[in-house]
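Labels run A, B, C, D and E following the written order; every chain starts at residue 1.
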Amino acid sequence: MGFSEADIGAILLTLRLATTVTILLLLFGAPLAWWLARTSSRFKGPIGALIALPLVLPPTVLGFYLLLALGPNGPIGQFTQSLGLGTFAFSYSGLVIGSIFYSLPFVVQPLQNAFDAVGERPLEVAATLGAGPVDRFFSIALPLAKPGFFTAAVLGFAHTVGEFGVVLMIGGNIPGETRVVSVQIYDHVEALAYDQANQLALLMVVFSFLILLSVYGMQKKSHRQVLRFSQ
Amino acid sequence: MNVSNHTANQISVAINHKLSERGGRTFNLDVDLDLPAKGITAVFGESGSGKTTLLRCIAGLETSSHGEIRVRGVVWQRETDFIPCHQRRVGYVFQESSLFPHLNVKKNIAFGISRSPSQLDTEHYHEIIELMGLASLLQQYPDQLSGGERQRAAIARALIIEPDLLLMDEPLASLDMKRKQEILPYLESVHEKLDVPIIYVTHSIDEVARLADYLVVLEEGKVIANGGLKEVLSNIEHPLHLGEETGVVVEAEVRERDSEWNLIRATFEGGELWIRDGGDEIGHNIRIRILARDVSLALSEHTDTSIINRLRVEVEKIQYVVGQSMLLVSLKAGNSTIIARLSRRSAHHLNINEGMEVWAQIKGVAILR
Amino acid sequence: AVASNFTAPAKYLAEEFEAQSEHQVRLVFGSSGRFFAQISNGAPFDLFFSADQEKPQELIENGLAIDDSLFTYALGGLVLWSRDEQLIQSSPAVLSSNQFSRLSIANARHAPYGIAAEEVLSNLNLLANLQSKLVRGENIAQTFQFVFTGNAELGFVAKSQVYQDDILISGSAWQVTEDLYSPIRQDAVLLQRASTNDAALAFLAFVRSSRGRSIIRSYGYVVGD
Amino acid sequence: MGFSEADIGAILLTLRLATTVTILLLLFGAPLAWWLARTSSRFKGPIGALIALPLVLPPTVLGFYLLLALGPNGPIGQFTQSLGLGTFAFSYSGLVIGSIFYSLPFVVQPLQNAFDAVGERPLEVAATLGAGPVDRFFSIALPLAKPGFFTAAVLGFAHTVGEFGVVLMIGGNIPGETRVVSVQIYDHVEALAYDQANQLALLMVVFSFLILLSVYGMQKKSHRQVLRFSQ
Amino acid sequence: MNVSNHTANQISVAINHKLSERGGRTFNLDVDLDLPAKGITAVFGESGSGKTTLLRCIAGLETSSHGEIRVRGVVWQRETDFIPCHQRRVGYVFQESSLFPHLNVKKNIAFGISRSPSQLDTEHYHEIIELMGLASLLQQYPDQLSGGERQRAAIARALIIEPDLLLMDEPLASLDMKRKQEILPYLESVHEKLDVPIIYVTHSIDEVARLADYLVVLEEGKVIANGGLKEVLSNIEHPLHLGEETGVVVEAEVRERDSEWNLIRATFEGGELWIRDGGDEIGHNIRIRILARDVSLALSEHTDTSIINRLRVEVEKIQYVVGQSMLLVSLKAGNSTIIARLSRRSAHHLNINEGMEVWAQIKGVAILR
């Protein structure tokens, strides 16, 4: 199969983007999910719903409003400009921001479930052994929620790779910077270059299948019949 | 930290905590206790009487409890002050096994150690590992252990950090007798060697008698008896339903060793007893439990029986118990009280009366170390 | 099935047409590439107003459209536009200045307006220099959005998007002279399944009528013959 | 706010679609997730990965290939034609099929996690009380996995509402049949009718927020501190 | 179903099951047992000896075990035949509470009933609810119950379906003594009234003595002792480490009631005993446990002591145990054996020899019902 240079550039860019976004999402998502799993604050519901919101908005629409927000007159754009960063639309950073926003629920949901499933008892035990809240989070909640992290990472990564609407909207299709694989395939389809589209899509399918498979495999191995605490 | 002298040797727990359950029932724990800040305080009571809830309040796991908790003069809780659990320097052995499933036994134990402000004594570490029979299990994960093995690891984990107060919620309930017998001496030596007070919840009066210095009896969230072990146990008017386990505990001193028969002679306020030699040195204090069922009375001294311990005692009080066939007799042996249980028929037959002098026959073998 | 750059005039045409006949028109807007794929897979469309010439031609070759119904319904006009009223002085001068960081054009791979925009830039010898400032919209609508939201200071958009009755609606613009790009011909074709559909034929006729043509023209398109 | 008749049609269609798809997804997804959670078959990994695949494919691309498959020359199209059902592309049924395919991972993942969390013990207990495998599934696994069902339903519903690429591609944007809200908004945006787009998008945001909120609220209430079995 | 006559009254369990744990250890359960298909078989053994694993194999929860299991002639498992757990008509009380968390107590119990092929007897239902003290808890959810309350509900759930074989894995371990005492009689009456055989795992020799007809002792996955309760318990050469709990069980018949003193007189093969009146009717058979520690020996008969039971016995065998100070003496009382524990010094002092006739003094109060 012959991939054009543009195809290869798109592939590399996609991998870089998805990796960056996944890492950032896990970093931000974990504390958020933790908070959601344990709080009994009345903001829990609204904030949970807010995080889930990108799910229900069509990506292209979401992209359009993100474009407005990131633009020179939008709130985010005003802010980034005031920091001397210029505007983020049509840049890799913009793509990262958009993707984070868009994929957040895919990471927070499984993490929150995993934290829920950890239950109260292990944390109480850890407290009696001198572990403070932050310590408990890192030493108990995180490791016990590990299967949830796998799921979150897969969903986050995958969704960023497959993301399209938002990227199309705020990316501006700049080779090497914002032209990711999904956009490239779309381009091929629109240009009736079905052969090239097929090739790239096949690559994407195979690659995606393989990472999913490896993660599922790992999950299975590391998944010891998790001992649960009776309450 | 607030240290005031008059409470420096006390653990005072005055707690009111409501648990409202669905289905309309509420459970209210309402206790006001001053416990000695050394030795073992046993908390005894029926299932559902609130023992676990009490420990949770003391540990700071029930954050909505009201009241005041001071441990050796340090305020753990008072009005709006609430020291969180992880700052309480408390050790907790839970009622159910509570090992972290993602850590092997070794790392479970290390979890507590690395968070303890005090330095770990390697010898102490190895001693506990050895005693709990964990040496060969250190690499196992909790789901590879049987229930008893898990609980042993949990006990080791709580013991090893040398907390200011150790809370144990029926730590031996899931162990078989042999392991219990192995662990009990260690708990006793924790008691002696370490200055850590222990609050020990149990269903077993056997463990109480063996370990406790102080006894708290709970019923429906209230304290119904509370005091030194000896006083609580030797009170035959007491509402404790101990059945076969009724008996007293006396402290005695080892005086003589008879190596031929492997016996020791120990004296207590009420006289002397021959006891199976458990290796205690002469001059040492030992604790002896004398069950009411092991004490028989005789009007004269009999020397041709296998019962080697005979004490001259005075009948202090007679109390009917269990059905109508049995009664408890409390006997004054010097300054100590022991209890005998006999059938009413025997009492009648021997014409036992308060104030009468009789021989108490105690089967030597019936004395617990 | 109507190319999205022709959305507004198509709606107006349909309205007028429905007013004067008993036929109903259901319009579907979108990218020509997608319509091509859908028509190839059995989509229930009767007429196809493409944004280019190749796709209708290809459909005819594939036997999905009727050869003799093919005609050019509009010629798109290309405009360099900015929301900033000062930026463009009705000339391409701004393109060689440093007054902007992003220039929005349509994707030349499949959007006719993109091909035209690149032609203009290369005719002005600016294509290479401006390469790093180009952002590409997937279609002309998106290209317009980039400029409209201010994320790109200026861009080559369709005249129909910024002119109403030959008057610039807002911002500043330069109407690209026609010698700088080859004409953007937009062809329409009757699809095979509608070969005997009276309504479709009537609507086509209306579009080609003088009334139809003047409507199209009022949206900034050039209409030939 | 004045919504056009077309807008209202799109709204109703969207609700109908999302409801249908969610119900079907829960029906199909639950046994599938159950199987995945409990099997130790070596197909577990590959099938799990296959189900997750739609996540990583850009929706428009996925839609394109679904279109090919459903079309008169595609395998599914050939099959449905041979059954005398015609082709499903550009019809409500086609939309339902496409959405199910696309949203499947969003339903299967949380269900699988929830089933995993149920653990072995309750099922063993049920077996000793005479419950066969199917009985255990319905009487024990399902109720204990309830929080997972909430999450699955929210994600499934939401994702179907927000879905866009697939719908646009295989739906063909036919008013009353396949023109759902997301497509309608897209249309407005494409037609530069930003006002109408904003209105509809706002409605969508508010509505979505409200259902998400209510579901999150319900989840909180019904979520008794789930007693876990010690192993 | 395969019913063959010669095994119709047996439960035969010949099982080999390997558990390979991470960390290299493997545990191998390897038993070949023929158990009576009525009454209670106690499985006794240390923590980790494989008791739970054995029950799981019998219940069909360990699907990879090899061997053969027949219950009253019905094959539950053999070579490739493997009747799955839910078709085995087995009741199982798990070691830990195992109530369904999403069902309240009532529905937990109903879960088993609605799946049971046999008709529910309403009286039986209410009897069990009453006995387990569940009447006021029926609407509670498991997370609203204490550990003991949960276990009581689990026991009721398993009892109520009247299975072909009831497996109980330390069902009383989490209960306090009072509840234990309340539940034990019911387990005894299950034993009498229902024809359901019970395999009962326990750490408590007390429960064994009280309930079991047959005893299996496990050690490291192997059967080290196995037989009728009386034989196993009265064998003083036996390696069971029962310590204070060493003793025998005898069956006796109630002969006379002395209402004045609330005593009954019961006779067994070895003589007669006066026992606290537990309400048993005259002519009934009762089970009496005589602990070795409660038996003292005398060379002559003493009538002026509170010990009312004295039997003329013959010294059968003397066996040293526990350290060097104590020994066990098995005594022939008619055809029955009883065991006395005394200090070596006493034995020497009294000059006890095999074949000698002595008086065994048994404290009446020491006899368990």
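Just so it is clear, contacts are C-beta pairs under 8 Å (C-beta built on N, C-alpha and C of every residue); 3 or more make two chains touch, one makes a residue touch a chain.
What you are looking at is a predicted structure, and each value in this text was computed from that prediction instead of being measured.
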Co-neighbours of chain E and chain A - touch as defined: B, D
Chain whose average C-alpha position is farthest from chain E's own: C
Identity of the chain that, by mean CA position, is farthest from chain D: B
Centroid distance [mean C-alpha coordinates] between chain E and chain C, Å: 91
CA centroid of chain A to CA centroid of chain B, Å: 55
Inter-chain centre distance, chain A versus chain D - centres from mean C-alpha coordinates, in Å: 19
For chain E, residues that touch 2 or more chains besides their own: 96, 141, 143
Multi-chain contact residues (two or more partners), chain D: 60, 64, 189, 225-231
Residue list for chain C, restricted to those that touch at least two other chains: 34, 37, 145
Chain E residues touching chain B - in the complex, by the definition given at the top: 21-23, 25, 45-48, 52, 95-96, 104, 136, 139-141, 144-149, 173-179, 181, 203-205, 241-245, 258, 260-263, 274, 276-277, 293-294, 296-300, 302, 304-308, 322-326, 340-350, 352, 361, 363-366, 368
Chain A to chain D touching residues, read off their complex: 44-46, 48-50, 52-61, 64-65, 105, 109-110, 113-114, 116-117, 119-120, 147-148, 151, 154-155, 158-159, 161-165, 181-183, 185-186, 189, 197, 201, 204-205, 208-209, 212-213, 216-217, 220, 223, 225-231
Contact set on chain A toward chain C in their complex: 64, 67-68, 70-74, 77, 86-87, 89-90, 168-170, 172-174, 186-187, 189-192
For the chain D and chain E complex, residues of the former touching the latter: 121-122, 124-133, 135-136, 139-140, 143-144, 146, 224-230
Residue ranges of chain C touching chain A (in the complex, touch as defined): 31, 33-34, 36-37, 54-55, 58, 101-102, 104, 107, 109-110, 134-138, 142, 145-146, 149-152
